[in-house]
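The following block contains the structure, expressed as structure tokens.
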Amino acid sequence: MNKLRFVLVGAGRAGMVHGQNLVHYIPEGDLKAVVDVDLKRAEETSASLGVKSFYSTLDEALEKEDCDAVCIASLTFTHREMIEKAAGAKKHIFCEKPLAQSLEEAEKIQEAVEKAGVKFQIGFMRRYDPGIRRAWEMVREGKIGDIVLIKSTGRGPGLPAPWIFDREKSGGMLAEVSSHDIDSVLWFVDKKPHHLHLEAKNFKGQEIREEFPDFYDHYVLTMSFVEGPLGMIDGGCPVGYAYDARIEILGTEGMIKVGETEARGPVLYTSDKKSWRDNQSSWRDRFREGYLEEMKSFIRSVLEDQNPSPSIIDGKRVVKVVELAHKSLGQQSPVLWEGEW
Amino acid sequence: MNKLRFVLVGAGRAGMVHGQNLVHYIPEGDLKAVVDVDLKRAEETSASLGVKSFYSTLDEALEKEDCDAVCIASLTFTHREMIEKAAGAKKHIFCEKPLAQSLEEAEKIQEAVEKAGVKFQIGFMRRYDPGIRRAWEMVREGKIGDIVLIKSTGRGPGLPAPWIFDREKSGGMLAEVSSHDIDSVLWFVDKKPHHLHLEAKNFKGQEIREEFPDFYDHYVLTMSFVEGPLGMIDGGCPVGYAYDARIEILGTEGMIKVGETEARGPVLYTSDKKSWRDNQSSWRDRFREGYLEEMKSFIRSVLEDQNPSPSIIDGKRVVKVVELAHKSLGQQSPVLWEGEW
Amino acid sequence: MNKLRFVLVGAGRAGMVHGQNLVHYIPEGDLKAVVDVDLKRAEETSASLGVKSFYSTLDEALEKEDCDAVCIASLTFTHREMIEKAAGAKKHIFCEKPLAQSLEEAEKIQEAVEKAGVKFQIGFMRRYDPGIRRAWEMVREGKIGDIVLIKSTGRGPGLPAPWIFDREKSGGMLAEVSSHDIDSVLWFVDKKPHHLHLEAKNFKGQEIREEFPDFYDHYVLTMSFVEGPLGMIDGGCPVGYAYDARIEILGTEGMIKVGETEARGPVLYTSDKKSWRDNQSSWRDRFREGYLEEMKSFIRSVLEDQNPSPSIIDGKRVVKVVELAHKSLGQQSPVLWEGEW
Amino acid sequence: MNKLRFVLVGAGRAGMVHGQNLVHYIPEGDLKAVVDVDLKRAEETSASLGVKSFYSTLDEALEKEDCDAVCIASLTFTHREMIEKAAGAKKHIFCEKPLAQSLEEAEKIQEAVEKAGVKFQIGFMRRYDPGIRRAWEMVREGKIGDIVLIKSTGRGPGLPAPWIFDREKSGGMLAEVSSHDIDSVLWFVDKKPHHLHLEAKNFKGQEIREEFPDFYDHYVLTMSFVEGPLGMIDGGCPVGYAYDARIEILGTEGMIKVGETEARGPVLYTSDKKSWRDNQSSWRDRFREGYLEEMKSFIRSVLEDQNPSPSIIDGKRVVKVVELAHKSLGQQSPVLWEGEW
């Protein structure tokens, strides 16, 4: 097996990123078919990618295509069904974040994957961003001593699709916008949270609240780890000005910042005595290398029979943080992390 | 009256900054005497500044010196006594932050000042930092719409003097290290907080807790404003790597960052393929211009009979935030701001 | 023809970059064989790339392999021979910079390519760097008016291989280190130089001068364009601290800077109150995307029967600048550009 | 003598900077009178500074005022006359750059000052800029080994006053705009130049050439030092976008950059996904601290009977570089530095 043959489920934005990488930048990936509930979109996407087959259901694709793996980039609330089908067919699975919209669903997913014994990787691509990975290594090398405080800021320029507003389907804005931030904090700290507390407000989505009264668009999540550091995550959208992803880690012996609001590129100096540059405009550009390398790593893991990383456990922990955070928001006070790490 | 004649109370670090500015950089200031409970320190300081007189009590200085104003940079828990004496002698007052160690003391101070009818300015010098002031103006000009989230980070390289560890005397680490951050958040938002919540931990000062069991050295303060934004302050010391003061203001139409961890100056590129620069090493360097301009402004206010700013009310609000935050820390849940703004 | 089948000539550093891109990142490229005069190196390189065939001569490879194109990354003084063979066999050609060690050779190369009617692209990958390309577009869009001055700095961390020291073989240090800078200046200005002047000194290579008396390691090239701007190029190696490539374009209405000495990545703040970051350490990292995209573009040009760019003319102009610059260095005064643009 | 009593000659832009510093920021300076050929301007300036006396000639001021020193900020071609008068009256002299419009004048000035035995400082304030001074110290400490190449860029946002266009009066644009850059290069290298070469063009001042045919507005000056580094200065105005002053020093062991086009201050991120900041807009802001500290240093030198620095020799060397550079421009080839260092 020299190439890994994929079916891609979900022809939305994240699906397109994975599809383009598999077709144009990863020789060892072989995209056989595109699945989308919207058959027309599946067809157009497969055409634009130069892929022959397209389907409206994963069942059909699994029946008709010889494939080794499924890349799941469909709506969050369909993840469980897609993963159960893929696992049932003994296909290896790459799944976009968040793993699920609730901890209960995440548990079911874990069961299905473990029972099938297939390989599974969750799409926390920031772990494959060279800068964030280097920061993580520096922490591991002891460059800043023990972590005292870790802050992650994650903001998107636009609003996500309307189905996201329904917390039952998406896990809510925290899950949609900040799953990567939560994973980063947990990955860097690598300890069990003691308690956490979410403050959230709705600044721009007044009309959204008419249908979804618990909708919020900006928030601050505070975490305290067992015998460990404090954590702060702030997130929100739409912020317009950038796709803004930054992490700051304060340790007993130093500090690390990684991530910049500005994109690399020219700086223009104009006659009004100002200088301007482009900001990071999209997660697609900002994490282009992360998306490419996470998929290459997943393929390598399967081809060489290694354990992919990040794992389903990593995916589940983030879902649990989101669920506890929403509980804290409801009761307007911190909540304890109960159960194991 | 062409020059304002000062008595300086407190020959510590902040006192030295004001003393040097009055002597070496502010022609319209005239420093007549230095007061310190440690008479030897008062003598040495006055000698180093080229000032003729020194005393161990403010009473004595007020009796013997012709002066117009008192600059108070003594220990926090002495502020009330010093201010009452100065006000009693009808001297104008410039007072270092924090105003007092408790809200009760702050109220008494306000009474004394108002009764005497003297001018009073609290030393929130960041309002005179050109960058922070420009950011504040940009917010007022509507450059970023309405504030959605404001974050202020304040960290000091070393530990403060041991008397600070006693919350009864100093108001605690939050008051000592983050009074400027709290003032900045309140100044930018200019609305009444709805509730606030302090998370704090002790990472480096284990032995300090033996004497002061409630001691903490790093913390995160979350604030929510009435019909307004969220606020986050994180602070701590000793962090070693810098005097680090940064503010970030997210609005409905844009974002502003102000303050940098690095100092201006040369960047050195070395053969190990690294580049390094000096960080901001001290509040004295970072806010050199702020300290100078706040004092020039105070002098101008007195000489031209204007109201100095920031006012005693600004000082009192910060004390109230500190007191509520400590209450929240004790009960491990958010507390409401009660009473007027 | 879905994929372009390549023979790679030259298994050195640049050859490896192209080989890895063709094998690991460009699905539409198909590397059939590696050629190197050192057969063992050819074998090792082909093995490490997972390529089946290797040869010690291009003749043999052309005879035995079905291929569409040749990627030439061999020593400069062999370019003419390799290009003539490839063109003779009607293969499309991608050739690394510099095109040749002398203008006379470059003319011969151009003849051979034009006679064969094959497609040819010279490896000025900076034109495919997103930042430099964006800067070039901004100039074309009129963002800074007319160019007044353009500066390009190019420095390498280490010394090139010893055969480079022989100007007869390599075109000299200016050709080796600054061909990209010269091309950038010509590409941005797009006008004929009026005269140019090279100042050069030898700071680190004293022992090299024993064998090559005209060796220099640092230099400044000044250019003046006909009814156009001034140009400055400074270059040199080994500088140790970075692979440093920066361009600055001053126009009548503004200024653009592009390229940074520092790499993107974490910033570490340490207890000595310093902050440090990694510099750009290698052209391979700095222009990773440029190398990838130039090759994808070349392949697309061939597959879609377009003219590749930059062209053989672009390659020849840079060789001419180098030759005139060396003449100017010899006579210690500026020399005129004679002949057409 | 506790304060140094000054007469200020020249109420233009540079004169105002010195006047304001002496009055508002330097307690040990005492400005007694303002002299300007335009008596009305002298009167307005003295009024705005709160200074009692004003005159249209230095003679009159010297006759009527008790003073210790003269600060000369009048037009370049008047420097010799003003310095001769001040020296004749045994007054210490602070003189703005450039020292003179020709080397011949500079020699006469030196004679007059040496004969009078008064203290003299030339206004190369960049030596008092904390960042540039720190860079110079780092070079002296051996942080980058021996200097290989030094580059200084100096550009002004607007055109200087029309009298500057007359090279006979001002020394020309190179003297006006780049005297500080030339001094910096000489100060860092501290060796005798071997030869130098000026390339200059006129991009914006077409109509100026009607009256002054040798007028140029942008230029590149290349220098080669005896057994030493290469130097490059580029300058010009009006560039609109900033007051831009940057130095880069490449050494055998590393590299230093100092000076930034952008001012410190807020960064604004806007909904078009751009970020902007203010550039350095004026030499007054950029070198505010340099202007203040050079004058404090001059006063200290006089009060404590030390030799002020930079000296008249430093001033003269810059005039010589300008004169040789113009010779090189005329003959379109490099010229040798003859005579001593």
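Going in written order, the chains are labelled A, B, C and D, and every chain counts its residues from 1.
Throughout what follows, a residue touches a chain if its C-beta (ideal position, glycine included) is under 8 Å from a C-beta of that chain, and two chains touch if they have at least 3 such contacts.
Here the structure is a predicted model, which means the values were calculated and not measured.
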{"item": "Common touching chains of chain D and chain A", "value": "B, C"}
{"item": "Chain centre separation in whole Å, for chain B relative to chain A (CA means)", "value": "41"}
{"item": "Residues within chain D bordering two or more other chains", "value": "240-242, 253-255, 257, 261, 269-271"}
{"item": "Topology of the chain contact graph, where touching chains are joined (line, ring, star, complete, other)", "value": "complete"}
{"item": "Chain B-touching residues of chain A, taken from the complex the two chains share", "value": "146, 148-149, 151, 155, 197, 199, 201, 203-204, 218-220, 222, 224, 229-230, 232, 234, 236, 239-242, 244, 250, 252-255, 257, 261, 332-334"}
{"item": "Partner chain D, residues of chain A touching it in the complex", "value": "157, 240-242, 261-262, 269-271, 273-279, 281"}
{"item": "Of chain D, residues touching chain B in the complex", "value": "23-28, 130-131, 134-135, 138, 143-144, 253-258, 260, 264-271"}
